[in-house]
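Input: structures, listed below.
Here come two complexes built around chain A, the first alongside chain B, the second alongside chain C.
Showing the complex of A and B:
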């Protein structure tokens, strides 16, 4: 692809110089050397883990050789540990005397998954990851046994992106569960998962998932480059990653798509995007993202195409409503009364008669009130939720109108705007409209409709200048691509949608070969 | 990515920019009002001539692929004479850009914000153009793509709405060619040919950056024909709804025509909405001229144009207010002096002068390189 070369300055894949977790320890002044003497190793690790109550060293004897098992009691299930490891090492067990570490493994733990740790860093890393590490005196390496089984949340229904029809599973905080949720849906050896570790202190696992047969190599390269550049103390959620790798921070629009729905992520991966899965976060990111992604729900593909096209258009309209309705009200009622039909104007003015504030103050106060209620609604304990909604609806809504502080129309507008802003399937995106709405109200209060348009044009200029991993944010709309319009504002039937988005420069551009149009079987011999 | 010096726009983006450029200020001030009910015929004739003119411009560019107007001027006239002529072009582009801006400022201050100082409109508008151009030609092209559906739909809808409002009087178009072809031709040259079609000379700065340069000629000519068609459509609406006499007197004909719209007793006073639609056309037009001027300065002074975007655009904002004392003077200048002293030299005389020189020099260069190649 000529243009892709041009965009990404194609560079052949270097031997990836990603920092492994073991190297990270080096930066923290932990010695690397694993000694042959058990005593030295023990001392070393005890010093490192002192003041941690859950760190345990169980001394054992293998015949007459000294050995020990060390582990973090909170990172593994003690039952499994006892059953699998400690029991078989028990001195009462009659066993031949093995000294060599590999024969120990062969004989005692033939069924447990393991790793050899030949550096002290690896030992520490394995202990931190919930392994039980067996160190034997006189051996050049330790044996790490994977125990695992830390408590984790079960797979539940998505809490932020609910749908009516379609799979009800959501990602959890456990990265392996999340990857399995994706693997389950795409049974393909070309589905790759590459692991990185980010965060100097937290050393969190970050996995990128992609289809090697589809994803553009340059995009992949760019994503990896950005991940390798991440240099930060700790990451706790994929939101941190989002901010660290996006092309531009000074924008109200999210440049990276996030979701907790595995089916949606799979859809993106199949289009040629790269998924970023962070350990400990149920929100998985995909890059590159374009604006129109944020208006697509995975349910669109499970419903009849006419209906989902309609719903998609509704989303775009409600985005515009959420953005401009309050400012339109300010502009029309303050500057351009002649644009309103006379009857409507009269009734609005009649309602506003007793209101002591100008329209812009009125709407500012109400929008602010709503934002406060929304924030309170998210943060407050569940138990008091009812109270707040009653207070909010009755006191702020009804009583404010009755007291003559705000007009009825205004309450309708604020409420409608609020509801419209919830239509966006991705929560991130609706936040951006919240912020822009306030600026827009200010503009309309100063310049009227002219100000609204002024702001919208600046917004569009800003939008078209954005990029996500080098791909224009408004791709398929601007730069316009007529061939992509089958899945942007409306969705064509699935059999008609044969191409992957060309703005992602996929390695294999077609989803399928033939064009099969479902139709009834040909009539046989003149009907009945 | 951001480091690269040359930015590209697609053919579609070029077409979009040309289209909005063409109908931009035409939608504000109207064209051919002197030819009364035959204005649409005059526009038609001008469109055909204009398409020829644009083809000529692109033909010139094709002689030296990848070089814009200013580089071509230097190529033809040498370094110093080239700089002087280039500076004249810069002056022309910036001046016209200020004029277009003034057109819009007058529209806003006389129709919507009667008590708002004209400076406010001028500065905000030119600020948008500056921001857009600062972000680059690619952003400019894409912004055009986003807005073209609205511009196009609204222009079409005005006609339909007038038709449904029952204000569309075909009688107003009669008599066709009542005064013969004479007045039409007189009006077409110089006025109609130079505005809006000849102004496309500015695109000689943009067309070299089109990614499929080979097809640029075809696309440009086609775009000019389409936009000419839309201008005919707009003129027809104006004549049919206002009548020739009223159209002659009104300052903003399309706006006055839109005032006639009244649908369902709900959609009224849409003229305001028209104002906001032409706003994008004006932004495009100002930006194209501004870009032309900036590119010229970049070529002359060897400084990236991004450094000059904001200062120059603020100057434009100021000039737009200073060029004339009031709207009447502004329009009179536009009718009497501008076509004669600015449009004709820069749109027609200079390019025609340049053509033989360019062809001769290109041939000479080719011969020389051929000779080098054979050696």
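Showing the complex of A and C:
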């Protein structure tokens, strides 16, 4: 079983999508055959699951036929198991002799959902997925019964992307819950969910969701191709997937959008994007993503369009502030004093009197301090979080200024930059500016405004070169498309926004057909 | 090979740049005023006034002078300013220079072109500082007079000029390049503002003078300095400056006009108009061999005060007042132009430039000796004032007073 074979097999199953247990386990050293003899099967499975305390194998008798129930006690609810399965198999029940496994199911478990496992691989897979597998002596296949799920987290409010108005649900770690949250919002048979399994060892379920009537077939094909190419031991969060399928890794900008808001994902699916839902991760990805996606919050569409347009502009401005403000300060105060108004220069100079460090060291130290505090604030236990804010604000800010180590204006700049960097609705976009900011400060310290400009030019060149699943990262801005500007920097009213983004090449480009504009009813009578 | 070349080009953009001159704010002294006096041993004596930043600190403002000055002698400005560090700890930054004081003696004897060249050549100097001719005192004194409000003297002068220009007019708004242009132009002679010190400059230098309600010394604007080429030849008063500005570009001014032409001197009555919008046009023509200078002025104005016993609710009153204003302003401006013709014989108004635009062929012939032509030219000023409003009152309460009371 070589790698070539492995890939070959994958490709063979590319289109029918239903991945079998055999395929998943072909890498493992597990025998494939399911024997007719119960003893052999028992021995086989016991060997496989030895040293697993939660693996149980209960011998039972169906009439005079030997049988057994095997399951992982931690992967299913034991109450349900007892009620649905074990009770009906109780020895004092009268068990007629059954010829085959299907009549056993019909008689004992007519209401429980089931699967037949005709290979040993499948038996193992079902056990691992929390099924109770009944193996009967003399039968060529086993009966796998689906028992209720294990404990999972309830649906809560999103913790990273909070909004004021709009749905308050967030995705959880359970993939079925997540899919139901999407299905609930888009009741359409064209909404498809295809399942993949990624991770050689973890065999994690990855589901792609899309509207078959909207999403461009080529994009879909490319996404599937990339998922099939994933070859890795284990994936634990959608962040892993993001890195594995994105077009380029050496970039500070996130090329794939992620959110824990179902409404946001539904919006993206309705535009013609593909959602990637990984089991065990509350963060769902959508591809292809463009830069402007990271400046959009789903709330933009729930608030009046004038307000949300303004707020969107604020986000772009604060992105620029978070990126260039510290370096602009360094450039202006150490190279281009003539560019500042006299009064401003005088007051900045007055504040810097007695500060022992050059401006660039000063700002580096403060930015670094802030980054350390931010990281500490994220990682530390909640209970001590208060301490950090007090220590940070008081000691670092106030005391440093009073001690004359840094100037007042610098504290303002660092604080303002920090606040501005939090404005981005998607967290991993805001961290990209953090990294760039430091490089930019360095550039401005060496080359002044010229360096800032040089860096920004290089950054734009880099941005233009980026692709997300083959779609230009700056799509609608570069290449510029005037028709797309109704939902980029500002948001037009919903009734005016009739087209889906053309850079996604949707199969059906229009969101709505009519040109309905809301207006008051015509005046009756009195008008004349 | 191509890649290497590209790499080299990219590296060049980084390496071959002129931006290595970084300097920390703590290491610069911001020069706000420069004063040029005749030197004792050498050609010039340059004084720079630079800000003492500790004075501007909010947390612990130092008790001291807001500016310090440094004076050195030398033969050229760049040399002196480079040498300033014999007594100044920091590098002088000239980009925020707000005022250039030129001693009248320098302007009269040596002319200004020698040092203006170095200012124009230097990349540090912006084009937004005021060129000021100092009268009566040395230019150095002007760089030292404290101001309790603005603290830095040069900032005070610039701000006061700017504000005056908006409210009354009185500064020709001449910048470095305008001045240089006027020196070399054939149809225009340069002008600059003049300043004087009112009070005792010795006392005004003391930082403690800021404690006093009535400042012991104050820098005041004093009108215009008239140049022939680059040499100072005389002055015009502040009123003449406003009239001069009226022919150029006047933003706004306030003028009081007597109610009657021949009113008794004991209790003269005036009304004020404020000019809000002004358009002036110069025409220069030749009638035979006689140059004719024409200024057409159209100004919109509104009434700001009324001492006359006139009923402003009638349109006829407006027409009457308009006519009075026309006449008064016309006389004022004509007087100023004729004074310049007679006393100095240089065309500071730019009639020659107007001729050059309007009658190019003639201008070519006469421009080389234009100042003589200007001096003998006929002047005609046509003023048209349009009174648009009368403030928030129509009739003045004065006109409602019983005639008798008003007369008493």
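As a working rule, the second predicted complex is superposed on the first by the 503 of 528 C-alpha atoms of A that agree within 3 Å, B and C clash if a C-alpha of one lies under 4 Å from a C-alpha of the other, contacts with A are read in each partner's own complex, and residues count from 1 in each chain.
Operating definition for what follows: a contact is a pair of C-beta atoms (placed from the backbone, for glycine too) under 8 Å apart; a residue touches a chain by one contact, two chains touch by 3 or more.
All of these numbers come straight from a predicted model, not from anything done at the bench.
*Asks:* Clash or fit: chain B against chain C, after overlaying the two structures on chain A?
*Replies:* Clash.
*Asks:* In the overlay, answer first, second, both or neither for which of chain B and chain C A:447 touches.
*Replies:* Both partners, chain B and chain C.
*Asks:* Counting only touches as set out at the top, which of chain B and chain C does A:103 meet: first, second, both, neither?
*Replies:* Touch status of A:103: no partner.
*Asks:* Please indicate which partner A:389 is in contact with in the superposed arrangement: first for chain B, second for chain C, both, or neither.
*Replies:* neither
*Asks:* Once the structures are superposed on A, label A:83 by its partner contacts, choosing first (chain B), second (chain C), both or neither.
*Replies:* So A:83 meets neither chain B nor chain C here.
*Asks:* Please work out whether A:349 is in contact with chain B alone, chain C alone, both, or neither, and reply first, second, both or neither.
*Replies:* second
*Asks:* Touch check for A:338: first (chain B), second (chain C), both, or neither?
*Replies:* Touch status of A:338: both partners.
*Asks:* Figure out whether A:464 sits in contact with chain B (first) or chain C (second), or with both, or with neither.
*Replies:* In the superposition, A:464 contacts chain B only.
*Asks:* Answer with first, second, both or neither: which of chain B and chain C does A:477 touch in the superposed model?
*Replies:* So A:477 only meets chain B here.
*Asks:* Out of 6-14, 114-122, 222-230 or 330-338, where does chain C collide with chain B after the chain A superposition?
*Replies:* Only 6-14 shows clashing C-alpha atoms.
*Asks:* Could you pull out which residues of chain A sit against chain B in one structure and against chain C in the other?
*Replies:* Comparing the two interfaces on chain A, one with chain B and one with chain C, the shared residues are 335, 338, 447-450, 454.
*Asks:* Given the complex with chain B, which residues does chain A contribute to the contact?
*Replies:* Residues of chain A touching chain B: 7, 9, 335-336, 338-339, 341, 447-450, 453-454, 457-458, 460-461, 463-465, 467, 470, 472, 474, 477-480.
*Asks:* Which bits of chain A are touching chain C when the two form their complex?
*Replies:* Those in contact with chain C are residues 333-335, 337-338, 342-343, 345-355, 358-359, 408, 445, 447-451, 454.
*Asks:* Help me check something: in the complex, which residues belonging to chain C touch chain A?
*Replies:* Its residues touching chain A are 13-14, 17, 19, 21-26, 28, 30, 32, 51, 53-59, 93, 95-96, 98, 124, 126, 152, 155.
*Asks:* Mind listing the chain B positions that touch chain A in their complex?
*Replies:* Against chain A, the touching part of chain B is residues 1, 10, 12-13, 108, 112-113, 120-121, 124, 128, 131-132, 135-136, 139, 141-143, 145-147, 265-266, 268-269, 272-273, 276, 279-280, 283.
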